[in-house]
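Chains here go by letter, A, B, C and D, matching the order in which they are written, and residues are numbered from 1 within each.
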Amino acid sequence: MAYTLTSHRYGKAENHIVRVYRDCPRHEIRDLTVTTAMRGEFDDAYLTGDQSKVLPTDTQKNTAFVYAKQHGGGTVEEYALALAKHFVDDVDPIHGAQVDVLVDAWERVVVDGEEHDHTWVRRGPENRTVTVTVDGKGTGQKATVGGGIRDLVILKSTGSEFHDFLSDGFTTLEETKDRILATAIDATWEFSATPPDWDAAYAAIRAAVVGTFATLHSLALQQTLWHIGGAVLDAVPEVASISIVAPNKHHFLYDFSRFDTEVRNAGEVFHADDRPYGLIEATVSR
Amino acid sequence: MAYTLTSHRYGKAENHIVRVYRDCPRHEIRDLTVTTAMRGEFDDAYLTGDQSKVLPTDTQKNTAFVYAKQHGGGTVEEYALALAKHFVDDVDPIHGAQVDVLVDAWERVVVDGEEHDHTWVRRGPENRTVTVTVDGKGTGQKATVGGGIRDLVILKSTGSEFHDFLSDGFTTLEETKDRILATAIDATWEFSATPPDWDAAYAAIRAAVVGTFATLHSLALQQTLWHIGGAVLDAVPEVASISIVAPNKHHFLYDFSRFDTEVRNAGEVFHADDRPYGLIEATVSR
Amino acid sequence: MAYTLTSHRYGKAENHIVRVYRDCPRHEIRDLTVTTAMRGEFDDAYLTGDQSKVLPTDTQKNTAFVYAKQHGGGTVEEYALALAKHFVDDVDPIHGAQVDVLVDAWERVVVDGEEHDHTWVRRGPENRTVTVTVDGKGTGQKATVGGGIRDLVILKSTGSEFHDFLSDGFTTLEETKDRILATAIDATWEFSATPPDWDAAYAAIRAAVVGTFATLHSLALQQTLWHIGGAVLDAVPEVASISIVAPNKHHFLYDFSRFDTEVRNAGEVFHADDRPYGLIEATVSR
Amino acid sequence: MAYTLTSHRYGKAENHIVRVYRDCPRHEIRDLTVTTAMRGEFDDAYLTGDQSKVLPTDTQKNTAFVYAKQHGGGTVEEYALALAKHFVDDVDPIHGAQVDVLVDAWERVVVDGEEHDHTWVRRGPENRTVTVTVDGKGTGQKATVGGGIRDLVILKSTGSEFHDFLSDGFTTLEETKDRILATAIDATWEFSATPPDWDAAYAAIRAAVVGTFATLHSLALQQTLWHIGGAVLDAVPEVASISIVAPNKHHFLYDFSRFDTEVRNAGEVFHADDRPYGLIEATVSR
């Protein structure tokens, strides 16, 4: 074939790795879903089926598990960096590696007022994510670290308006000065430098997202996203930019006036609809 | 046709109703997914298509929303009872009604150390459930209330053994004196009497489930379920029985001995597998 | 504890077993998700943690895979019966076994007009299900076989009415003489005798379901279910009864009269809503 | 804030539109999930909350439904182009529009050997997708059309090898000369010109994907993707490039040698695993 293999990569997706820290009676747990992806000299694997430069995805899986012990003493970012660097540094045909990590949160249970030493419940739906890329060998090597929060479902029951919008012949939406605003924030950000503490940076970013959503009197979800972006950049100077994708999870006031009833619905009972939903996107950069 | 319509019922499933309480600056929120199901004189709807005794599911939906305001001042159990009783008492052909409610939890956000008045984040994956049935008209009417918890994902990193089990020619499982025990508890229970406080009863049941899972040194998930059941019956005297379905969410120790590495896996790195999974069931009654 | 272990069972859920038949150049494939559940003398496993009578779920898994070869030459029903009988007959503490099988359909691909010997595409969303129970040892042993179809999503664009229903103060639904009727049929049935051919029986049942849905002019989904039930009993004399659960997947005519447009919507453009949905249930017996 | 709104867009996601064609007794059906996204002069909506240039997502929804009638006479591509062009041409602040369509397939049912006029069953899991973008006003306007196939789950029971791969200290995978190869193809492609018939182009692309997967003796999924890409470019000259993402859905031969049984597993019984999975990506261009 006279065509071009424009781009390619391969790896192992969704290695579900649970790491227990049991050096002292109070255990810790880390629950990671790790995806690895390799770029490099793999043209022959595609063009002729020659696998001699292909490190099997099964090997990538094994390595991800072993590194969870060997390089699991620090943060998730440090683990992902070590893993990505290993592939690029130690495997000749690999020129670039990306490691994506989804962190499932567990919350220590409380029994009779005391935190338990080795029992947790899952805490969702939101997840923390980490994305690391390592490109190039030797002195020219470049590593980047990104973070994210996924499915942070948040709702405010007032402090949100939507009106004075553009209308045409298909516009029937009524204006409102008071509505529920609800979304499920998916945000990713890039670091331009290493923050003093990766976990503290994440906590500060999450606090900025949640705090801005709560306290900004919103004229539109668009405006909320812009202010969230700015608050994150204010909170953590090492964040270079943040991209947010946020569905407008519509809560429609249920119209009681159609019924034979004295009961009135003064902004109290809503139908939480599934689809369709608004979808608002923004990237805010320093 | 000479066949028999042995049983039938119909209703509206998954009405997603969000109720805001906004009488004071500190709002409250209740997020309910409500399913209604009716039994009664509906044979003709099936046999001949005659709908004259059928209250449309659309009407059931409308009623569920209005009742969220009209009877939303108390607990979820009281709302569900009022709704079920309405259908049976006020609609002639309906002889029995079941109302199932799934409660999505929202957690008030904290901004600068203060709980916010009108903003929450979703808290999952676990849900509280309520099931109410009302059967019969007038003095013979019988109402039952049940509760439940769904998808309470819980894990302990030690304090669990599994050994000395039966074996045959297909048995290859190794015995263990120390393993991760993880499950996602689905439990439902029946009340034989009205507890003093529905919400307090739920909190006590959940605490008994979580506390028993944490503190019982487990020889099998079967044993854990039995003790959970007993602890729930101990905690809330109005609970008559509890049924538990619990997957054994396997966490397999990752075998590092296969690799060319000095790194050892002393009960620290696990593969959290998806399927298949053990599935253990028990009903414990007073 | 002075409580009673009212009921219990345990097993291995969702063993995903793919069986290839490769005795001749034209391969066959069978894709089964198998769940096993055991009843028997397991009280001690719950009460004291004594596992000496418990055949591990891991062993059940192994057996399910081996039996896919050893007893995989016949129908799925025969495989499930052999597996259930093995547990009851060959493992002393097991008194009853249930085997549930979900069958994923694969369709042979056609290349250049010819069916390919060893390549298939998945065909969904509907699944065939098989449920077998074996209870008791020796001459008193009782075996039952049931079948099912799950998520048969079916729609007719006309030939469906809904009107002359009961109304009250919450009723706002408009009557209709022509609507889309759509559902996702979940049906299960019990056999009172062994049909001459299990696969032919399934095909006849599915044809009866689909054919009745298509050809019956429907006055309500209730009526459609009753006729489906009767048609299945007519089609396969060994079926003793059938239970059907069917959501009314609402397709709402989109109201164009609200817009500044000449375009009219004469039963042509619909919003396919997700939730809530009607839910209609019926059991029809011989 | 001194930050930059680097990029933004907004729209309505997942409008589930079902269109019935009922001009003659044999109806047709088209089931579309339509997502619209607008770019343009919306900075103020983000920066100050001024909505005067924002066409509500609710209006976009209404328009998508009306256009399903008004511009629903041709192909899905023509509908999406008309809708995208409307937003850019008729709404001043909108400078660019993207319309994504997911097509759910329905298959006409056969009753007594005859295709039924107005009844269908859903056919999945695979979906056809269409993506249209329109950018710029007037003579400089640029429109692009892309297509795709999502979740084409395909499996071959032989004709696949994997060996002679790179190994390191973490490599334990065994080589194989005969394995199951299974994947769920997600592919998207760009058209550089309008093909004579959009539907025929899709059919030709799908046939090339399926046919190549079936007939190529595969040395790796990588090689299969490259050949699929080439076959698609061969089949439809208007396709400029194709990107494929394909999980390696592992089917592990179940090891019977561990059991006390004479039964042997000669490539016949497999465990279809869920996670992790290989993930192979390639873009092939003309």
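Quick notes on this one:
FYI, a contact is a pair of C-beta atoms (placed from the backbone, for glycine too) under 8 Å apart; a residue touches a chain by one contact, two chains touch by 3 or more.
Bear in mind that the values here come from a model prediction, so they are computed numbers and not experimental data.
Of the two interfaces, A-B and B-D, the higher number of touching C-beta pairs belongs to A-B. Seen from the Cα centre of chain C, the chain whose own Cα centre is farthest off is A. Chain A and chain B have Cα centroids lying 29 Å from one another. Distance between chain centres (mean CA atoms), chain A to chain D: 24 Å.
Averaged Cα coordinates give chain B a centre that lies 37 Å from the centre of chain D. Residues of chain B in contact with at least two other chains: 15-16, 62, 66, 168, 170, 172, 258-259, 261, 274-275. By the touch rule above, chain D contacts chain B in their complex via residues 168-170, 172, 258-261, 274-275. Residues 1, 3-16, 35, 37, 42, 45-59, 61-63, 66, 90-91, 93, 162-168, 170-173, 218-220, 222-223, 225-227, 229-230, 233-234, 241, 247-248, 275-286 of chain B are the ones touching chain C in the complex. Listing the residues of chain A that touch chain B in their complex gives 15-22, 27, 29, 31, 62, 65-66, 68-70, 72, 106, 109, 111-112, 116, 118-126, 152-159, 180, 210-211, 213-215, 251, 254, 256, 258-259, 261, 263-265, 267-274.
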